[in-house]
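Alright, structures below, take your time with them.
Each of the next two complexes has subunit A plus one other chain: subunit B in the first, subunit C in the second.
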Partner chain A sequence: MVLMLFLPLLEIGAIEAEEVITQMERNQTHGSSQIEGRFIIQDRFGSRESTFLSWSKGTEESLIEFTSPAERGQRILRTADEIYLYYPDAAELIRLQGAALRDSLLGSDVSYEDMTGNRGILDDYDATLEANEEILGRDCYVVKLTARVSNIAYPLQRLWIDSSDFVTRQSEQYALSGKLLKRSITLRTVRQAGKIFPVEFEIRDQLKKRSVTTVRVEDIAVDIPVADSRFSLESLSF
Partner chain B sequence: MLTAMAFRNISRNRRRSILSAIAIAVSALAIVFAFSLMNGLLSDLVGNVQNFVSGDIRIRHRDFDTYEYLTPLHLSVVEARNLQQQVEALPEVASAVTRISFPAVMYLSRSGGSESSESIPLQGIGVDFIHEERYQELSSLLRNGRLPNANSNEALIGSGFASRNNLIIGDSFTVLTTTRTRGSNAFTLEIVGIAQLPYNSLDSRAMLIPYDRAQYFLRMEEGATEILVKRAPSSSEEEALAAVNAVLEGPSEARSWRDIGLAFTYIQTATISYAIIALIFFLLASTVIVNTTMMVIFERIREIGTLSAMGMNPRTLVRLFFIEALFISIIGALCGALGGTLLSAIFGNIGIDFTNQLQGVDFEISNIIYPRPTALISLLVFLYSVVVSALATLLPSTRSARIRPVEALRRV
Partner chain C sequence: MNTALRRRIGRLLCYAGLFTLATTANAEPQQSIELRLLNNVYSGPVDNWYWNGLAQAIINLRAPRNETVRAHLQLKTTLSSAGLLSGAPAIDTTQRLATACSGFLASGFLCLDVPYANIRVRFVTEEGYAMRLNVGRARLTWGDGSFYNAADSLFGVAAQNPDLTRSAIREETTWLLAGYFPLGRFGFIEPLLLPPLSVLTNAPLENLAAGLRVQGKVANIKGELSYLFRAEQSRHIPALSLQGNLGIDWYLSSSFVVESHAADVAQRIWESWKISLGLLHIIDLEGDSSLSLRLESLWAPGGFWEAQALSATQQPRTVNYGLFLYPEVLLSLSGGFQIFLRTIFSPIDLSALITTGIVWQPYTGLSIALFPAVQLGETQDTYHIDLPGGITVALNVSYIF
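So, the complex of A and B:
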């Protein structure tokens, strides 16, 4: 499910560009999931870890609950394109909007904005197949995505999608000016329920100095029953 | 004999003498008031910097300033409470307080629903309200309500912040901030006090919460971002700094407020600027004094001619006018200096409100400035006014005394 959260960063993927994207999405999305994992965040001040549990349903609903001591009980709910934050010490939920979406999640290289816009990639982007390139010893299709809509986190993306298993091996996100903003690399994948998807990946915000975030999935269960109520505002603060 | 004659001249031309004295008095009054205002402004700036920004001495993690723009709460003063007690026990120190400063964003539910709709940046400060009272009498700044209780989710906010966001006592708001572990945390606070915080950038943005709650919300453990220290009046800054440095261990360091940020540099620059402004003011006032004195002399050329015709030599004439001017200026300058001191003392009590003029000014200058007259200011202005007025007679009276009596008598 955490993979779903970072779909714009990690998902992508055709022989015709559209075909590559469709294959990749089919491979990396699932009906529902439950994941246990950790963020390992390294910056100029050192390294720290935060653990989490997450649940997802389809491509639009997901919930992360942090379990590490410093953030215990904090939750992030994503419904369609809305993001809500729950903090145990706060009497109200915080709906992130506008510039606040660009804030960093736990001071990592991931922004809340990275967790939005999880409709199908082809709904928002025009895809062009640029070349084939070898990344981390794997042959990949290089697909360039150009945004069709303006209200989107990254106007331009480039994806390296494995030509054999359609896993996104690397992705880059750019500003409208063409400046590289983020780069993600898949470090490890797992095959489950007939699908292969990344379980460890590294994200670098190119605007931050000496910063890298590794997201590691430690346990994953897919296509399991997850109650709809888990993604409701009422249960978020319960 | 000359003195008696000068006195007679002063009383004979009473209206002219009074007008001359008034011109000198008004100038002296204006200079004393302007100087007292500038003195008050500088004292206010120094007081605000020492109360809210740096103390006389500030203890921080040695790397905090370098990364301050990143809000590095993890670069904290460890075991801050113990250290504060140790420092406060030093004979060179009058008081010390722990602080946790942190930027935050306030979320306001305008609709009363579960969705927050507005986010406003603010400056959070975790303070120990009991110690703070000893340090700077925070309660004297209260306009409404009370100071927050320790270990409660209560907040004291600036009056500017309250009015800008329509907040009143009893309202609650939620604050989102970054923690020491560089994660995030949000918490809801109830407003129990509204204070007139001294300067605009603080009054319009600040939220003060109990120190222990700030520690908890920000996961500070036993750390603080800084300890502010006020030296004992009997100690010099150097002695106090050396004594504080002697008890520090690890990565914490103590720095004098003179070495911190731009405040001292600004104060130095401001002192020079104000001295230049004062000089200009002095010169303007001098022109009034000189002009008045010269006019008086030139008006009396015919009288000078008469005195010359009667045998008074030019030197004696100059002395006569000098003594006259000296008496008038002593009376004028004395009244002006006393009036200026009195006026400054009155405004020193009620203050002058510069709130509108200081809107948007992001510096540690209070909205209300209290002029601070001093004996030195009054004495210097008095002496200056007397000297300028008396000297101003020399040129015209010397010139007039050289005019031949026949020519002088012909003038109107």
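So, the complex of A and C:
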């Protein structure tokens, strides 16, 4: 799930770029996963932390449950084209569609929209391989992604994908005007089930001063059995 | 110790026992405590001003996370004190505190409540779907609506004693026994029994209620049908709720009451018919700031569409006016800041309760907030400045840990 948060921040281009993207997606998407992790949101006033459990299946279904005291029991169910929120204090299910998806998740640098639209990158973007560039001491392919569809969170993205292990080391998201909106950097990766994928990364919203959100995966199991019913209203509201 | 007090203490021990039973099979319960400190200065009816201090502790104990059984106990204690700042006393502040206490008033200044004491059990089928049982005191939200919800047959079409400074305006709970039968991933049937609890509270059996709701999704519109029977006055309450998105989120709810013993059943249906319509739109601003615009309306076609001259004993807020509006503007800024404006507006008598809020959440769980509020209208209107709390300024600090 958290890996999926990171996924729309990644992409690639052209013939070679397509191959790079395919390799990267193979690393960073899983048939299913169960994750225990934490958001750390830092701004000029201090630091806030939220812990969570999450489950995902395929690229379109996920359920996240917050476990930290201030948000305990709040859950988010993501399906192909909508998001449901559950607030235990009000015993209320809220269905988000449209512009509400752009709202910030717990005041972090991640929006609900960042959590959606995780189908294959090449379904939505044209990818171009721009150059090779060293970043964080790793040789990376720099891939520019230009959206082919209009209803997408980021019309333009640029990805730095490790040329040896195909892990996204950095990504940038731009507005249609070309203005940089977000930059994400992979801080830590893990090797599991024959794959290498990010388990800690930081996201900086370039429009907010001194604001950074770190997403840290503390425990992860991939390609495990997860029932379809996990992604239902019943599971959301239990 | 009087009988009522013994009963109430006994009831508290029952809650604790229930919770112990639910959690002994597993490790320690998950705990969280919300400590709220509130200071209000508010105006009275004859140019007098009052001060109200309030310390509230909300203790939540939840059974360790479990896929089949969950239990939740919430204890709420509120310690209040009040005093006259200026002018002659014209409000019984103790009575005001007592009215605000939805639980057990231990003294003139201490309110004890147990909003949640419930156990949820889940029976998983072979397909992985689960039927559920929810027993105890808890909340169920029927229908859609933040402030006005005409399909909320359980707690009423409008929030009772609304506190517009809270993020969750509707949070009443009740004793219930509810089932949950899934209809695929996005639908369910929920039968419900609201027991009369005559043994514990001497409430008459007429307080019993029972009902059912069915929820599903068709063509991207969420629909909900519900029916509740209240034995009191043999009231049947059918309701419908729809929710969708047409560029902006919308939700529509409606209900009416059929009183089978009423002298004129059709007239009662007409008078009780309520429709609530809500619109919500969130505008993305630069820097992950956002502006949330909400407009809710409550329509009563059989209500009064002209301002009423009230009798000496009639309270303005009990008048069934044909239309009420609830506009809300919420600006969320980076750094954990929120600024909002919430208004309950009665367009029939042109009166309003306007509440503004400045909320800052700088650290995990900490919230510091200032809430100025004013009532506008003339004497005998739904809202007017001479009512207690005609002008209010509240400073709230809360911390969840």
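Operating definition for what follows: the second predicted complex is superposed on the first by the 231 of 238 C-alpha atoms of A that agree within 3 Å, B and C clash if a C-alpha of one lies under 4 Å from a C-alpha of the other, contacts with A are read in each partner's own complex, and residues count from 1 in each chain.
Convention: contacts are C-beta pairs under 8 Å (C-beta built on N, C-alpha and C of every residue); 3 or more make two chains touch, one makes a residue touch a chain.
Here the structure is a predicted model, which is why all the values come from computation and not from measurement.
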Original post:
When the two structures are superposed on subunit A, do subunit B and subunit C clash or fit side by side?
Top reply: clash
**OP:** Look at A:Ser229 in the shared chain and tell me whether it touches subunit B only, subunit C only, both, or neither; answer first, second, both or neither.
**Re:** second
**OP:** For A:Arg48, select first, second, both or neither according to whether it touches subunit B, subunit C, the two together, or no partner.
**Re:** both
Subject >> First (subunit B), second (subunit C), both or neither touched by A:Leu85 >> reply: first
**OP:** Have a look and say if subunit B or subunit C is in touch with more residues of subunit A.
**Re:** C
**OP:** Figure out whether A:Asp165 sits in contact with subunit B (first) or subunit C (second), or with both, or with neither.
**Re:** neither
Original post:
Once the shared chain is lined up, is A:Leu207 touching subunit B (first), subunit C (second), both, or neither of them?
Top reply: second
**OP:** Please work out whether A:Ala70 is in contact with subunit B alone, subunit C alone, both, or neither, and reply first, second, both or neither.
**Re:** both
**OP:** Have a look at where A:Glu18 lands relative to subunit B and subunit C in the superposition and call it first, second, both or neither.
**Re:** neither
Original post:
Is A:Arg95 contacted by the first partner subunit B, the second partner subunit C, both or neither?
Top reply: both
Subject >> Residues of subunit A at both interfaces, subunit B in one complex, subunit C in the other >> reply: 43, 45, 48, 50, 70, 87, 89-93, 95, 98, 100, 103, 107, 233
Original post:
Which positions of subunit A touch subunit C when the two form their complex?
Top reply: 43-50, 67-70, 72-73, 87, 89-93, 95-100, 102-104, 107, 109, 111, 205, 207-209, 211, 227-235, 238
**OP:** Please give the residue numbers of subunit C that touch subunit A in the complex, ascending.
**Re:** 30-32, 60, 62, 65, 70, 120, 122, 127-130, 132, 138-141, 168, 170-171, 180, 182, 184-188, 215, 222, 243-245, 247-249, 280-284, 286-288, 290, 292, 332, 334-336, 361-365, 400-401
Original post:
Taking the complex as given, what residues does subunit A use to touch subunit B?
Top reply: 41, 43, 45, 48, 50, 66, 70-71, 74, 85, 87, 89-95, 98, 100, 103, 106-107, 233, 237
**OP:** Note which residues of subunit B are touching subunit A in the complex, please.
**Re:** 67, 72, 74-75, 105, 107, 109, 114-117, 119, 153, 172, 174, 176, 178-179, 181-188, 217, 219
